[in-house]
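Report on the following structure.
Per-chain residue numbering starts at 1, and chain names A, B, C and D are given in the order in which the chains are listed.
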Amino acid sequence: MIENLELLIDVCLLTFLLLIVFAAIKTTNLFVATMLFGIFSFVTALLFLDLDAVDVAFTEAAVGAGFTTVLMLSALRLTGAFENVKHRHSVLGLFIVVLTGAALIYGVADFPNMGDANAPVHLHIAPEYIQLTQEKIDIPNVVTAVLASFRGYDTFGETVVIFSAGAAVLLLLGMGHAEPKHEPEQNLVLWVVVKPFIALILIFGLYVQFHGDFGAGGGFQAGVIFASGFILYSLVFGESYARQVVPASILPRFAALGVIIYGLTGLVSLLSDKTFLDYNALSSNPVSGQHLGILLVEAGVGLAVFSTVLLIFYSFSGVNHNE
Amino acid sequence: MNELLGHVNYWIVIFLMMMGLYMVIASSNLIKKLIGISVFQASVFILYITFGKITEGSPPIITDNTDVYSNPLPHVLILTAIVVGVATTSVGLALIVRIQEAYGSLDEDDIHDINDNDDFDIKSRSIT
Amino acid sequence: MSIELLYILILTIPLLTALGVLLCHQNPNARESLTLLGGIFLFFVVAKLALSYDFEQTVTLTLLEPFPGLSLALRLEPLGLIFTLVAGFLWPVTSLYAIGYMRAHHEKNQTRFYIAFAISIFATMAIALSANLLTLFLAYEMLTLFTLPLVTHAGTDAARRAGWTYLGILMTTSIGFLLLAIIWTWSLTGTLEFTPGGILAGKAELATLGGLLLLFVFGTGKAALMPFHRWLPAAMVAPTPVSALLHAVAVVKAGVFTIMKVSVYIFGIDLIGSLDSAYWLSLLAGFTIVSASIIAMSKDNLKARLAYSTISQLSYIILAAMLGVATGVFAGSLHIAMHAFAKITLFFCAGAILVSAHKTCVSELNGIGRAMPFTMLAFLLASLSIVGLPPLGGSWSKWLLLQATMDAHSTVLLIVLLFSSLLNLFYLVEIPIRGFFATPADLNYNNGIKEAPKFSLIAILITTAGCLVLFFLVNPAWNLVEQILR
Amino acid sequence: MTHLPVLIVVAPLLAAALIVLLNNRKVAWLITLLTSLFCFYASVSMLEILQEVDVISYTLGGWKAPFGIELRIDALSALMLLILTGSALLVSIYALKSVEKEIPDKNQVLFYTALLMVLAGLIGISITGDAFNVFVFLEISSLSTYALISLGRDRRALHASYQYLMMGTIGATFILIGIGFMYVMTGTLNIQDLSQRLPAVADTNAIRAAFAFITIGAGIKAAMLPLHQWLPNAYTYSPSVVSTFLAATATKVAVYVMIRFELSLFGIEFSFLQIPFDKILVILGTIGILGGSIYAVYQNNVKRMLAYSSIAQIGYILLAIGLASQAGFTAALLHIFNHALIKGTLFMALGIVFFRFASAELSIMAGIGKTMPLTMAAFTIGGLSLIGIPGTAGFVSKWYLVTALLDASLWPLALLILVASVLTLIYVGRVIEVAYFRPTLKGESQLKVPKTMLIALWIFALSNIYFGLNSDISMGVSTLAVNQLIGVAS
């Protein structure tokens, strides 16, 4: 019965998503659209959870529902929240969409049924990953093992993507600067509640960073969570204070450092004539080498993500209109 | 029946993708386009995760309780893809902020009109 | 000196001359003596090559191999030698003429003029010496490009428009048709070498080969076969030495030379004889001959009249090549040389009249013979050579051509040729007749008009003498053309 | 030197990060130059290695394929590397002064970072042996490209960048969908492994859909007509260094992706026999050639003119691939190489014009043949090569393309190609006419053109002539690559 229950939840969530997107298309209030998108991400995270993808769910919640929404709101602050009320009825657009949809429907017709344990995806490579993780890497979270070791090169690329997004935003908007006069209202209750809360967030971030081997989590999620602690600080206590704690000018270098940590960890193996990112070279014991390698690259990822996310936030919130 | 149940997920996801894509093409507001493309991408992510699922499987974190784990590879891929998605979104938003500054509008049609004017200016300045 | 060295020298002398001209652009005297010197030296090298070359043992010099199996290579054969000799002889003569003309006419940008001129000669020589179609095509395109600044030399709007017409027609035809024909030949035979007897026979059906021939002939826009002739009158905006050497000798002869080479060494004369399209092309050439002559009669502008005369004369050669008989090949080859001398003389004279009397129209020339007797006499002789009267060089090629049409059993073309000779007589000989016998409208007409500058006059005398000498010296030339089909 | 395959990607990535860390403009330029020099060296070395072995395989993380990610360099990859790193080297020499002039001081360091990341991304795509990895590196290069384009001085650069971001993301997502479909049917992402497992499931909707999505995705990135809308604006308004580098490389890498997936992965059997993809390519290519060339004729901004010309040139390449013959593939690869040389030259020359006049409108180029003789001479060489005049690189590829068409008995298309060359003649001729035969404008800028820019330009220009007269290298690599692709023993 469990399978049908899972499927039921699944279909419900998906239907919910459809409604959200439909509402987002219809609304002319961009603020509403943005909030709907936040909800969309959150429901997607739930869906991922239902589909056993805990790491992905975690990331989607932190990145999609959290960070992206904050970013969109920051952008709306600068651009205004209403769109011109007019709906283009693009016949060509509709045609393209229907064509794409038809191609997709046509394509999935041959897909194995959902959840079929005998589908090709579950027979090739994936079983080996689960087995090899236990034998050679010896950490419980297979996703982390695949991410940081088997496909560590992809993850290196992913870190670079984040870094390049930071560079791109910086090129476009500059680092900005906080407006010193503008300070949020001094709300004692808020202050008192938030202060310990931020501490908790930071501790949780560290936990996620270092617990990624065992449960859901890792550098990405940790970086975002850690940054969101500072973002919260900045929202509540004023950005100029936040910038005193973590100066904006240091962030690009931190992000670069994150990438370099990852890259150098990979390059170390070259010295002992192993290939790039072969963590076995890091220690005389291959398994502990793997552990060390994963730790190091996750640290690099965490640092890069944290700095970039915070940097992007600064860039958006500190933009000076008159420039 | 089995076939239907086994594919209903895919069909809904595809419909979601189509809605996202429609939002990209049919909206004239740049922010809505961006939301559309994020929806489109997110739907693709759901597609990936869906085919990584094994019925009665559990998350791919090794425990002693079970032997059936859902496929970890799509999870890894989508982790990467989500990050790529958010990176794209932030660059897109940064561009939008600059476009608002430069054009005073986020409406694609307005922007096209302004661009055409710019073109005309250049032509009227030129000598030939 | 080895033959290879001579090849290299023939190509490098014009280039070195161009370089030298560039280096001494401050000093007109040095610049012009250098051009002249380069020309004379080039002619000696060409003459040396002519004397020491043995057609039994041709020498090929491969310069480069841009892609496998296709090379840029040089090889002299009789047809090429004729062209080389003509162009090599006429370059220094034209230089001589140009010095007088350009100075008297106070042209600007003379350095650019001499450089482009020298490089054009380089391209012409490369065409003449080319061992295969690729080399020929490369040189052909270079010739178009480097003559362009000469056409647009004046820099006026009219000159620019003429430049577009020039470039447009020559490039369109060459890239659109000629290149396609060349690549097609390559694709059919796997070689582009000029081979005695041709390379295409039996490689494809006759209809295909007929189409290929059409591509080749229409692709060679420089041969000015109608309807691709418009560029030649347009190019007449150029200074007269350019019109004289390039648009009466080098460029247009490069065109008909290409057609001759293709019909003799790519198709083979027998194959041409069996192609229907060759017959149609010869009729088109006949049409061009007659209609260009008629247009020439209607032109009052002297250079335009000469340009249409050139179009007509070029089609003689195309016609000769398309007949598919040996006599035709001989006639065409001889005509390349004979027409070159006559036509360059005519252009020289036109330029001399422009410089000395500032006249450009035929109707203004009444009585000019009294002030410029030498020029007009030269004009008369050259005209008669083109008409084909003895004792002038042109009579040989005209006579052979008539014989070729008879060999090919084509009465129509025979009549066309005879009729066109009559037309030639009308529109060319009219001019000296006006010059010597008509009364000028204005009695003070001849005041202040002298003969052309002496450099130019000497040049005119040399080429006129050439027309006469060629009549008597036809034996060596004949021996040469006979080698073509050996 | 067994690690060259990975170093050629990692070096520019780490250099990009290092630049940010050091945060100094001059140092940033120097690092960029040295990095591209190293990459160029690495690609030449690997090309040499490939004379001995068929393919260089490098497994990352010590996990053998298909479990780990594999870098796989065959002759086709090596050809792309040569184009990418060669262009990058020349562009970095050129960038010193151009960037100083066109990019605000505060952005220069990050400019070089982004440039290096574009390079690394494109290199990564060209050498990876893993389908998903293609997507990751595609996004690395794309994100940085969007930023670089937006740095143009005109506000339209921003909108151009946004348009590209939208279309580019749709393209990348389409590729992602295609990869997903293949993964579902085979359970693997390694290209080698995929190509072995695909035949068993080739006759399924899923694989056909995967093929379509990947092709359209790569087609958007390659600006294949009618998916080209992003390109003209992106090239027109981006800074000179960026337009030069992109024009020489970016669309070609997208074509590479197409070739890699369709020939190596799906295989000729599937692509051209089971589905009539060759015919589609011939049609799209032909439309691209004609459409691009005709549009180009009507442009008054020379950069935009060349942008449309690029669309036409992509058409040539696609048409050549669509012939589905050995000659056709060779022509395509050769044109990828030669067109990089051509467009590199032309855009660099325009960049110098832009350097002096801050505009690339045709009207401001009046008479600059006299005032900027070296720049315009190089432009003319590039233009002649674009037209396909013998003695230039453009001629060689056009020759092979027409030969391939004639071999396939498509002589009307051969004629059409040559007609398109005439269109090229018209638009290149317009520029040359204005530059050489119009009077110079008054108020002529007195700015001196820096030597570094001219040197880079002339190396590009002369390479057009070198590879036009001696095609041993370009032909050799292309032939080798084609033989490997279609499985003929060389």
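By our rule, a residue touches a chain if its C-beta (ideal position, glycine included) is under 8 Å from a C-beta of that chain, and two chains touch if they have at least 3 such contacts.
Bear in mind that the values here come from a model prediction, so they are computed numbers and not experimental data.
Colleague: Going chain by chain, each one touching the next, work out the least steps from chain B to chain C.
Modeller: Tracing touching chains, the least step count from chain B to chain C comes to 2.
Colleague: Common contacts of chain B and chain D?
Modeller: A
Colleague: Between C-D and A-D, which chain pair is linked by more C-beta pairs in contact?
Modeller: A-D
Colleague: Relative to chain B, which chain's C-alpha centre is the most remote?
Modeller: C
Colleague: Suppose each chain is reduced to the average of its Cα coordinates; what separation in Å results between chain C and chain D?
Modeller: About 44 Å separates the centre of chain C from that of chain D.
Colleague: Measure off the straight-line distance from the CA centroid of chain A to the CA centroid of chain C, and report it in whole Å.
Modeller: 75
Colleague: Go ahead and note the Å separation of the Cα centroids belonging to chain A and chain D.
Modeller: 31
Colleague: CA centre of chain A versus CA centre of chain B: separation in Å?
Modeller: 14
Colleague: Taking each residue of chain A in turn, which ones touch at least two of the other chains?
Modeller: 104, 108-109, 111-112, 119, 121-122, 125-126, 129, 151, 154, 157-158, 161, 164-165, 168, 172, in rising order.
Colleague: Note the residues in chain D that touch 2 or more other chains, in rising order.
Modeller: 132, 136, 139, 143, 146-147, 150, 177, 183-184 - these are the residues of chain D that touch more than one other chain.
Colleague: Going through chain B residue by residue, note those that touch at least 2 other chains and give them in order.
Modeller: Where chain B meets two or more other chains at a single residue, that happens at 21, 51, 73-74, 77, 80, 84, 87-88, 91, 95-96, 98.
Colleague: Taking the top-of-page definition of touch, could you list the pairs of chains it picks out?
Modeller: So the chains that touch one another pair up as A-B, A-D, B-D, C-D.
Colleague: Give every residue of chain B touching chain D within the complex, in rising order.
Modeller: Going by the criterion above, the answer is residues 21, 24, 30, 33, 37, 40-41, 44, 47-48, 51, 73-74, 77, 80-81, 84, 87-88, 91-92, 95-96, 98-99, 102-103, 111, 115, 118, 122-123, 126-128.
Colleague: Applying the document's contact rule, which stretches of chain A touch chain B when the two form their complex?
Modeller: Residues 2-3, 6-7, 10-11, 14-15, 17-18, 21-22, 24-25, 30, 33-34, 37, 40-41, 44, 47-48, 51-56, 59-60, 63-64, 67-68, 71-72, 74-76, 78-80, 83-84, 86-90, 92-94, 96-98, 100-101, 104-105, 108-109, 111-117, 119, 121-122, 125-126, 129-130, 133-134, 140-143, 146-147, 151, 154-155, 157-158, 161-162, 164-165, 168-169, 172-173, 214-216, 220, 312, 315-316, 319, 321, 323.
Colleague: Can you check the complex and tell me which residues of chain D touch chain A?
Modeller: Touch residues, chain D against chain A: 2-3, 6, 10, 13-14, 16-21, 23, 58-63, 66-69, 106-107, 110-111, 113-114, 117, 120, 124, 130, 132-133, 136-137, 139-140, 143-144, 146-147, 150-151, 177, 181, 183-188, 197, 201, 204-210, 212-213.
Colleague: Sort out for me which residues of chain A touch chain D in the complex.
Modeller: On the chain A side, the touching residues are 103-104, 106-112, 119-126, 128-129, 132, 149-154, 156-158, 160-161, 163-165, 167-168, 170-172, 174, 252-253, 255-257, 259-260, 263-264, 266-267, 269-270, 273-280.
Colleague: Residues of chain B touching chain A in their complex?
Modeller: Residue positions touching the partner: 2-3, 5-23, 25-29, 31-32, 35, 38-39, 42, 45-46, 49-63, 68-80, 82-91, 93-98, 100-101, 106-107, 110.
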